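The chains carry the letters A, B, C, D and E, assigned in the order they are written, with residues numbered from 1 in each.
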Amino acid sequence: MNKNLKDWIDITSGVNVRKCMRCGKCTATCPSYNEMEYHPHQFVYMVERGEIEPLINSESLYKCLTCFVCVERCPRNVEPAKVVEAVRLAAVRRQGKNHLSAEQIPPALDDDMPQQAIVTAFRKYTK
Amino acid sequence: MLKISADRLNDLFNRIASEQTLYIPVDREPNTAEYRKYEDGMKLSESLNTVRSAKDFFFPQTENLAEFKVEGKNIEIKDIREESGDFVVFGVRACDARSFSILDKVFLSEPVDSFYKNRREHGTIITMACTRPSETCFCTAFGIDPTAPEGDVAVFADGENYFFLDRTEKGKKFIESVADMLEDGDTSKLEEVKEKTREIMKKLPLAGLGTDSFGGDKLNELFNSPKWAELSESCLGCGTCTFVCPTCQCYDIRDFNTGNGIRRFRCWDSCMYSDFTKMAHGNPRLSQLERFRQRFMHKLVYFPANNDGEFGCVGCGRCLSRCPVSLNIVKVMKTLEVKE
Amino acid sequence: MQEAMIKRAVQLLADGTVNRVMGWKRGEFVYDITPAVFTTAEELEKDFVCDDFTQANLSKYLVKESRKEGKILAFLKPCDTYSFNQLVKEHRIIRENVYVIGIPGGPKLDIEKIKAKGITGILSVENENYTLKIETIYGTETMPFSEAVSGKCSGCKSKKHVAYDELIGDDGEVLDSNRFDMVAKLENMTSQERFDFWRGELSKCIRCNACRNVCPACTCENCVFDNPKSGIDQKAAADSFEEKMFHIIRAFHVAGRCTDCGECSRVCPQNIPLHLLNRKFIKDINELYGEYQAGADTTSRAPLNNYNADDCEPSVVHERGVE
Amino acid sequence: MQVNENFKPVIVAFCCNWCSYAGADLSGTNRLNYPANVKIIRVPCSCRVNPMFILRAFQKGADGVIICGCHPGDCHYTSGNYFTRRRITLLYSMLDFLGIERKRTRLEWVSAAEGAKFASVMEQFVSDVQKLGPNRRLEDLRCRKQ
Amino acid sequence: MQRIGVFVCHCGTNIAATVDVKAVAEALGHEAGVVISQDYQYMCSESGQNLVKNAIKEHKLTGVVVCSCSPRMHENTFRKAAASAGLNPYLVEIANIREQCSWIHKDIASATEKAIILGRAAIAKVHLNTPLTSMESPVVKRALVIGGGIAGIQTALDIAEAGFEVDIVEKEPTIGGKMAQIDKTFPTLDCAACILTPKMVEASQNEKITIHSFSEVSDVKGFVGNFTVTIKKKARYVDETKCTGCGLCTEKCPMKKVPNEFNMGLDNRRAVYIPFAQAVPKVATIDPNYCMMLKNGKCGVCSKVCSAGAIDYKQTDRFVEQKYGAIVVATGFNPIKLDKYDEFAYSYCPDVVTSLELERLMNAAGPNGGTLLRPSDKTHPHTIVFVQCVGSRCDDGKGKQYCSKICCMYTAKHAMLIREKYPDTEVYVFYIDVRTPGKNFDEFYRRAVEQYNVHYIKGMVGKVSPKADGKIDVQASDLLAGEQLHINADMVVLAAAIEPDKTARPLATMLTTQMDTNDFFTEAHPKLRPVESATAGIFLSGACQGPKDIPETVAQASAAAAKAIGLLCKNSITCNPCVAHSDELMCNGCSACEKVCPYGAITYQDKEFRMPNRTTAVRRVASVNPAVCQGCGACTVACPSGAMDLNGFSNSQIMAEVDAICK
């Protein structure tokens, strides 16, 4: 259980994960539920237990569309999307974990993708 | 007589202020002055009387007498009197100067009031002859010559110079201490100024005020006069006349719980107040008529009776100008005067 | 004007509607006015005076007078009638024992304003079409009438008589005066400036109680400051705090009842602008709880004895103006 | 104006018996804590607090006075707090007019169920007064502690 | 000279943990006037109180200060102890060094110092305490019950049983409340109407009970034992005495399109209506918003057909004023509005219903006669999904933070009834936790799961989206199986949270009772006095005090009745002696106090006084009626000269406390 990483995530996300009563509403409304290895309610529970490592290495970290429906619907004002974002930042802070190499971009381009999307993707997913 | 030119007066003030604290009358608004601690550049007020008389320096409105501390069952008394520093009060008019002799009779006779005595010894009174008496002045009625004021040092102004004449031991010592700034001067012009002031005094509306129907022996006919009712009907019972009067000397002693002990202090009291001399059985004077009568009887009858004929009033005119409903000693004297 | 009043008073005395008259009489000097009660016609002819210097508000005397035998005639200026109404509303004046004649207010003169021009030895003051000719022992002086007008009258709020049985001269109306300007100016100062201003003013106070004893709203049988059982009895301000305490408590007790007649500032021997404290309360009441003029009638409830559910919160006072 | 740390403000709180005193008790039962400088005086209703008491507190050395009452409409005596609201608004306006710091006085509505609110209001009030420093503008020099 | 005894309580460790009680006792021992100062483990215990009694007798004490818990807890205990030892009970003062000192400070030094200061303040106050004797004031032997649901009816029956007059004020045309709308009740599944209507009839026939139906309380004055209540009898345009309840007018009325609130708007009723068959009083009521006669003067069919001539279009609101000794609040609850929950599509899909609507759909007197059909196309539902905790247990600002307590049980009941009546219907229940605390509750729920195989799935419903073919796609998570489910449901039933009735807030203002932030009435003490409000003489019965089911409601209703009876059976009650009194010598007679007194306790009279020099004068002075005055103290501040003072909280006492605190 990596103590300071969990505290760091609590601080950056600004979310008190202990408020979650594990009702599962976020998971119920999550549109990209099927692609996710860890569903939102599991995400919050794992952060609460401090198991951040599996989250950082899991693919589902980037499946979250940040559509914020879980934040909208959560009855306890726990904001799972922000926890996901915080874990992403933790991942981004890790050196050497490059999720997007330069060669991958040209094939992924399509003409109506806004230029801004490329820049943010590049900033976010490369080290 | 020693003199100093008018424009070097402020240098004299600075000199005095350097040795001891100096209070001079300064104009708060045109024609109303008040005593202030001298600071460089202050201009001496031309106007006549200050609203609060010089009595305040010797008999302040509130003064701490003693302090007690109660610890459980035992009481510890702290003596909080401290020696007053030397100070000089400049520009006192003849009537105020006379008030000190009245107050001395009260406070310095047995049993001596040590607080008053302490301040009186350390205070030097420099009086100033009047040149422009106002319509409310009637000091001549009580034998006071405005052009020849008493006090420790008398100052006479003739327009360009200020002449200093010492009247008491303390005055002599004061003049010696500033002798180097003074030089001799002829006093011819002074006589002429004095004569002019005496002329004006005779023309004052209240010039002819007689005091012969008052005095120590006139108690019964004055006390029972029916005119008191009409005289006192509109008196509000506030304390203005007593608090601006230079010769009023009544005070009340009170205790205040400061949280870390009891502080006993004395403060001015006014015979006009409803709880003046309130004793265990109650108050000897219950109606405003009795209180009103008490004030003027004390000035015009009781005080002279106990002080070989010296009246308690000095004719400064403050109560005439400050009473909210214009009741004053002159109206009382004129109404109760027995004309042959 | 004075003759008309004397004639009417003598008439009323004669036909017995009243057995005494409350008015003014001259003291030693021309500006020296004393409120007085006259019982006979001769006294009225001899001493009664009503001129530019009769500023005193007679309503407070009627508290004692209306409890005596018989009916008393009182000449009241418009601002006095407001105090009269306020005292009637509080059952301090027995209305049926007073016959009120409303006399025109008109700006009155204040001798302090004349003396402040450096004029001393005043023997007589005549008013020739709004310039004053002042005879003094040092020669005659002149000054414009407007400069000698008393502080009470310069901020006059209304020339309307709100209580009278009869009128001499015509009735005026309520004026909108700029009487709150000085209060607004003070409010816009910083709190340190305000503190220094009031410490300067209130430290002059010699606790002579003239303001309390002249105020028509201050008619307690036994004032809190004179009653040892009240816990805040004080005879002199032994500390700067007690000066503030006296004036705050007095202003609070008359809040909502003060008709802004200005007598307190007129009689203060130290010329402290006490009316500003009462006007501050009047301005606050008008702004926060709706226009209210004390004494305008004898039935309305004083603002502090009244409430409505949607009054503003006290924090409003802490947010407006300058910190 | 630097704030010296060892200044411990004396705060007097007038709490109405039915609501804010009960709120204070509730914050006690919930073990919420607020600074020890606050001492509570129980009054039957907030309309019992006389401006004399507030000035007396400042005279005797208090650095801050806070009055707590029921929410308007909740008063046990139906209209008590409405009168409080008017009186205290005018009094605070006058104190401000005389130049007294605004943050030394406060009126707060706290119901019997708002224990948490009571604790946070007291916490915040004490920190405000702490920042202001000792009460110099409305104090009686004779009562100043040595 | 005062002889004061100081007793500092340890309260076990509650105080002793953070306050050095020995130091406090020792420090307070040195205060002026204190002759004995000791600490003890439990002052409120028998032996603690004996400590006080013996000290009073032994040291002939004239004042007692107990530094312990809040005066609101044990002030009476110590007052009674002092009284039994011969000391006037109002010479006892309590310093609150637990809730307001030891429990809220961690640092022992500052907590002890504060306790000493609070002790000193109490001693300073007790020095100035005067012995007071409480007055007696008469009790009106009549009770008022506000709200005619099961809570109100039960309370009224119990009070009437004890022989006292009771009035029930019900804002609907009939008593019965929510229970009348319910089909079956858990856990015994007996029919709600069958157990409720006998009590309603009993209430109407009991001569001690008068029912004011279709009425509201418009004003309450006075205080315990002496309330004066104004009841507004709303105009129902039907004369109650004449109407026999035959219902002829309700059939003939041409205006048919009125949404029937009794069936939650699922079907329509006429402009003149009787809510349901067993209505008590069985009297028709005309709805002024829909009746053509009342709106624009054209129709009058009902008055023509009415054989009893009971219709009276000119009827107006009537006000009845009545005196009562006790008031019981039984205003009940309502389900919350679900329009803010767009994820459940409640407001735009007719097949998504709340549980109460389901009750009406399944009820024999319901819109389609007891057979459960889909409201949209009246077909038989094959799959029903129940969603729990809709609006409950959430602090997202839309819903309520608390658990509504009854939803789990009534959903299990609905599931069981549906499965029993329509075995072919699949029932899914999405829950966070199933809460079944009570006698036979869990067994009831297990029967629903095991015998009637209702599918209980742990996980919340995320989205309900009606599809084109009329079916409803329910997207939910199954946390145990770890999958996201999509259920094709015919109906969705939302277990909506419950909140107090909207009329509760204005009523609380009238009764000057306290309310918590969710508008439930605040009870005097959550554990020890649950059915009394803090305001003496006002009692709480049923869901107005908090969410509760029918068994608890009836239990509380009887408890409230018992408390009310306890009050009514006294001929007079001792009232609070801490009342105001005026010092005649100082009173100006300016009637400032009379204007601020909320109870009108102050009157004026002209009295003769001796004035100076043997004269006398008549002066108008105030006098306070101690029976009416409640001791709020507003007059003491309105009085400028300080003539008006309050016993028990006098000006000098409070100032002494202020001095002691600021020392």
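Simple rule for what comes next: a contact is a pair of C-beta atoms (placed from the backbone, for glycine too) under 8 Å apart; a residue touches a chain by one contact, two chains touch by 3 or more.
This structure is a prediction, so every number in the text was calculated from the model and none was measured.
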item	value
Steps needed, at fewest, to go from subunit B to subunit C via touching chains	1
Where subunit C and subunit D overlap in contact partners, by chain label	B, E
Which of D-E and C-E has more C-beta contact pairs	D-E
Chain nearest the overall Cα centroid	D
Most remote chain, CA-based centroid, reference being subunit A	B
Subunit A and subunit C: spacing of chain centres that average the CA atoms, whole Å	76
Separation of subunit B from subunit D, taking each centre as the mean of its C-alpha atoms, in whole Å	47
Rounded Å distance between subunit B and subunit E, as computed from the means of their C-alpha atoms	73
Approximate Å spacing (C-alpha centroids) for the pair subunit A, subunit B	89
Overlap residues in subunit A, where contacts from two or more other chains coincide	none
Multi-partner residues of subunit C (each touching 2 or more other chains)	222, 224, 230-231, 238, 304-306
Touching two or more other chains - residue numbers and ranges from subunit B	256, 259-260
Interchain contacts, given as pairs of chains that touch	A-E, B-C, B-D, B-E, C-D, C-E, D-E
Touching residues on subunit D, where the partner in the complex is subunit C	51-52, 55-56, 58-59, 72-73, 79, 82-83, 85-103, 107, 137-142
Touching residues on subunit B, where the partner in the complex is subunit D	256, 258-260, 263
In the complex with subunit E, residue positions of subunit C that touch it	67, 90-92, 219-224, 227, 229-231, 253, 301-302, 304-306
Subunit E residues touching subunit D - in the complex, by the definition given at the top	70-72, 96, 98-101, 103-107, 110-111, 113-114, 117-118, 121, 508-509, 512, 514-517, 522, 534-535, 578, 596, 598-599, 630-634, 636-638, 646, 649, 651, 654-655, 657-659, 661-663
Sites on subunit E touched by subunit B in the complex	30, 32, 612-613, 659, 662-663
